[in-house]
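Input: structures, listed below.
Look for chain A in each of the two complexes below; its partner is chain B in the first and chain C in the second.
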Partner chain A sequence: MSTAYATRPSPSPLRAGRRRRVASRRRAAALLGVLVLTLFALSLMVGQTFYGPGEVWRVVLGQDVPGASFTVGTLRLPRAVLGLVAGASLGIAGVTFQTMLRNPLASPDIIGISAGASAAAVVGIVVLRVDEALVSGMAIVAALVTALVIYLLAYRDGVLGTRLILIGIGIAAMLDSVVAYVIVRAAAWDLQVAMRWLTGSLNGATWGIVLPLVVAAAVLMPALLAQSRQLDLLQHGDDTASALGVRVERTRLTVIVAAVALIAFATAAAGPIAFVAFLAGPIAARVVGAGGSLMIPAALTGALLVLAADLAGQHLFGTRYPVGVITGVLGAPYLVYLLIRTNRAGGSL
Partner chain B sequence: MTDSHTLVAERVSLGYGDRTVVEGLDLTVPPGRITAIVGANACGKSTLLRALSRLLAPSQGQVVLDGKAVHTQPTKAVARTMGLLPQSPLAPEGIAVADLVARGRSPHQRMLSRWAVADEQAVEEALGLTGTSDLVDRAVDELSGGQRQRVWIAMALAQQTDILLLDEPTTYLDICHQIEVLDLLTDLNRTRGTTIVMVLHDLNLAARYADHLVAMCGGRLLAGGRPEDVLTAATVEQVFGLRSQVVADPVSGKPMVLPIGRHHTSTPSPAHAHAAPHAR
Partner chain C sequence: MTDTLTAAPPDAATPAARRRVGTRAYRLTALVAALGALVLAGVLSVTFGAREIAYADLVAALGGAQDNISQAAVAQRVPRTFLAMLVGAALGLAGAVMQGVTRNPLADPGILGVTSGSSLAVVVGIAFFGLSTSGGYIWVAILGAAVAAAVVYAIGSMGRGGATPLKLALAGAAMSAAFSSLVSAILLPRIQVMDSFRFWQIGGVGGATPEKITVALPFLLGGTLLSFLVARGLNSLALGDDLAAGLGERVALTRALAAVGAVTLCGAATAVAGPIGFVGLVVPHACRLVVGTDHRWLLPLSMLVGAVLLTLADVVGRVVARPAEVDVGIITALIGAPVFIIIVRRMRARAL
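Here is the complex of A and B:
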């Protein structure tokens, strides 16, 4: 019996180690997935009236349940889906930028791309009074234009990096002031809208707001995932990546456009939910470990952050806070920590 | 089979933006041999290497790999023929040695392809050749400089290319590890016939290990040929502006440069009549 085992060729240490690491990354990602599903279910169940999993499930299947059909089907479900998809979009787009620019500070919400989408959306809603579809369109165009402006301002012999981040932070500040200016001039009764465009919020989620984002995510996330191997090779520097067969500029362009569009759709639907794009990647890296693509773990972490922050903001305190206030409180200390740490490490970001 | 690959730079001019670094340079890399490029700082050595490996498009002229301009060939196909180890490659935080070396297999993989037996064998072999098999589960950023350099070379070896370009593969290494790396590259050349082109700082090591020595100066190719023919006191003076004596290295018989500074010369320096016109 024991000899039968002994004669079987044992996997080499190389293979065993790689398998072990892949298995542990998958386990960690699966754990994140389970957490996301749990929070998603909780957001459908919990509220002023509690509905059990059975009732929620029947509503999701489209059956008519008195009371629950409206509360869960019309109010809670779009909100939960918005949290799920916006969070995942921000997470995957954030980690894409951080990986591509090899810097945790280089997330689209720090370097002004979310702010570009916000500013356009706010101008569209408050000043031009256009409808939702057009707002999404404006946000996407503005985000792409913002990304292009930052890229061009930072471009010198194709070198990106610290300069791009500093320019992005400056652009973000300018665009945030546009948002603040428009909101100050907006009608006072429109506080929900104001909060949404200042910090991001899932309030007032309807299928009309959620569906464009869901469709965009269904197209853009696979497009990003298809580039994940190339993106991982870019971490070794452009020269090494190119020597390993990566078409560097083409990969970068594809990935920028897809990630910026995701950010824009998510921002058009839920506002610039603070720091989710920035936090999701580093948290996912801690949870699953290094060596593999962080895209899926970061998407799950982003969804987790938004769903958890929204649940907490809605039910944990006496007042209801929009989701962005909670994620902002979580994200700001990390930003400060990162700035201090990078400053200690040599002062050049 | 590796002898069939040809790599030629034809009257290439190279630069960054408006700044021209290399002008009208011709170089034929001898197939199946070891070529070392030497020259002073900022003479265009690394720039030339980047152009050979298609990282930098020439403003004039072209680099020709197997009869076709390298810039018109698909990136992945080139990456299966020609590997490059840049001067300071980056590793993502916490990545394990095995996973890093495995990334050398990228040009051989398709988008959704699975890890194949051939990939596994190539990685095992690369780890074995570089003596890094024991490090597979360690994180790259925990390694010493010498270990890390061997891991990077393992990644380039796992790529299994017939041509391997290396930009100063011995920097950051102590003398013992320098010799180890150069011996390893020589093994690779002798057993597999891999064509090797490397930029080296150390003239004596370049002379000892290269079959073909290329001296560059101010973006031009000054001399190219057997180390015995290229490495003379006159070349050293021209390339580095340094007076020296060149003697036969008692270990290998290859030329060895003994620099003559302003101090510590026990015998009066021999008069170099031929060197005087080049002195600065």
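Here is the complex of A and C:
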């Protein structure tokens, strides 16, 4: 810090400080990116049989490697891609909601939007037996409807953040019991499959499941990123934002639809992975520091969380735990910590 | 609001007192009606189930015969019905007491994470400490419920404004999520059967046996007795701690007794039926509409209505997905969550 002052005398200390902050944010984000890539590579290499980076790389390039082609190409690659993209989608959508509603608790998995997608997906797969693309479609419609219902129910002389969160918790409880009901009816299921819809899991990932999510993320993430500046301005209140040239209603609608759709696609593919959407934003803010959009760091953090939790769940313990159990056990204490910290600070939740 | 005044000594000479006598008859009628509904629910519960049963078999089975599958099914429904009644009564009463103690309209053993806490405690006991008797389950479940209630209340009441409904509900939801993730983590490597897994995640009364009932009964009776003892004290607490102390109420003692009563009821109910939510939320609110806020009437009525609600919910769960059965915990969530939302919507912004 002090050397920077000494070696580079800047005409404006303010601008220099800002440049330094931007540079340090970039460094932190790059570090996150490297971590995500490392974990992604690890998920491809580690398993019952270990394959070296060389073999994995040849499989990824499409060459035929005996043994590795099936294990890595057919089993591990879809799973790792699912973890990567689902985590990133949950992270970016979560931080979008948290920023827009200005409340760390207002993430889509706490206010019931993930539960809506999950309920639709499980009904589509178990009861109606439709194919993957249609399941994603149903999940999106259900998630959007859930978001709309929560918004309308919370509306009474304006939408109050606290009321929205409480109503979301109620809606989530109801939708969760719909999921439980469907799973009970499909009693012949084994526990591992059921766990996918109860807590979220990457088990049984195939390209057919992963592909809709990848396409959606490729379209929706850039759409969200394009709005990130306007979204940050919205935090100063609608009037200020519109004075600064933000088209408030349009921005808000685009952002909500894109974020809800991302949640829905991710949930249709991997189930409601607990707490990732909620955790990614606050953790990303810790890592890169405040003062700028958190979307990219949060997406990276989300991917990091899911990949790390899946690796841990698969290999660290005697049993193979679905990823959602790990994120659930890790995420809940953090939620409690957040509650305690906010309560101590005397802030309004 | 005027109902809180019934804690004052009655004065038969005033018009207000005469009105109260009218109310008294009205309240007694409500209690009797609830009792009637309970009997009806019991009859329904024995008659209807996943299997349709002829009238002759029903009568024969109730007489003790177990000659064919139908009669055996009825014989199973009898303990199940009693268990549903006991658990429902316990949860309804516990909810009413919790709402009184915390002065919080959203208090419910399920929402505050108390039932999932006791569920986790039992699962830990089974997995790591070789717990295997029903009697042991109950002690551990009560311990778990007490710890969970204390933790949630401590987290929820930190900071400015004390334990507001929002903070308590959020702390409860967070702890519930943590507890059920831990339950999954502990159970998954040990069992591969959905049925036994489900029991500790979503409550149900399907596994009822006379033995379970006899084990839980003393605890349920003790919890009920404690709750009724503090009914008058809860009326004073409703006026605020300072005023209650001014009226000669020992606030801390009343709170502690009520908390022990409610926790015992929840723990014992969870030990025999798994975590069941929303009964304790819905029932007291419905009963308050009928008999007002006087806990001396509210508590017994909540008990009866809780029993009716859970018994009927269980019947619905058995009939709606024939031949499969839907756990009663799912049905109560489907009924209870909308009520929760209505209550939230009616609360003032300031009260949140």
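The rule we apply is simple: the second predicted complex is superposed on the first by the 322 of 349 C-alpha atoms of A that agree within 3 Å, B and C clash if a C-alpha of one lies under 4 Å from a C-alpha of the other, contacts with A are read in each partner's own complex, and residues count from 1 in each chain.
By our rule, contacts are C-beta pairs under 8 Å (C-beta built on N, C-alpha and C of every residue); 3 or more make two chains touch, one makes a residue touch a chain.
Keep in mind the model is a prediction, meaning the values are calculated, not measured.
Undergrad: I'd like to know which partner A:14 touches here: chain B for first, chain C for second, both or neither.
TA: Touch status of A:14: first partner only.
Undergrad: Which of the two partners, first being chain B and second being chain C, lies in contact with A:247: first, second, both, or neither?
TA: It touches chain B, and chain C stays clear.
Undergrad: Per the overlay, which chain contacts more chain A residues, chain B or chain C?
TA: C
Undergrad: Report for A:132: first if it touches chain B alone, second if chain C alone, otherwise both or neither.
TA: Neither partner.
Undergrad: Which of the residues in chain B end up touching chain A in this complex?
TA: 16-17, 50, 53-55, 75-76, 78-80, 82-86, 88-96, 98-99, 102-104, 106-107, 109, 111, 120, 123-124, 127, 133, 136-137, 139, 159
Undergrad: Mind pulling up the chain C residues that touch chain A in the complex?
TA: Contact set of chain C toward chain A: 106, 155-156, 158-160, 165-167, 169-171, 173-175, 177-178, 180-182, 184-185, 188-189, 191-194, 197-198, 201-202, 277-278, 321, 324-327, 329-330, 333-334, 336-338, 340-341, 344-345, 347, 349, 352.
Undergrad: In the complex of these two chains, what residues of chain A are touching chain B?
TA: It is residues 12-15, 17-18, 21, 102, 157, 226, 229, 232-233, 235-240, 242-247, 285, 289-292 of chain A that touch chain B.
Undergrad: Note which residues of chain A are touching chain C in the complex, please.
TA: Those residues of chain A that touch chain C are 105, 110, 153, 156, 160, 162-163, 165-167, 169-171, 173-174, 176-178, 180-181, 183-185, 187, 189-191, 194-195, 198-199, 274-275, 317-319, 321-322, 324-326, 328-329, 331-333, 335-336, 339-340, 342-346, 349.
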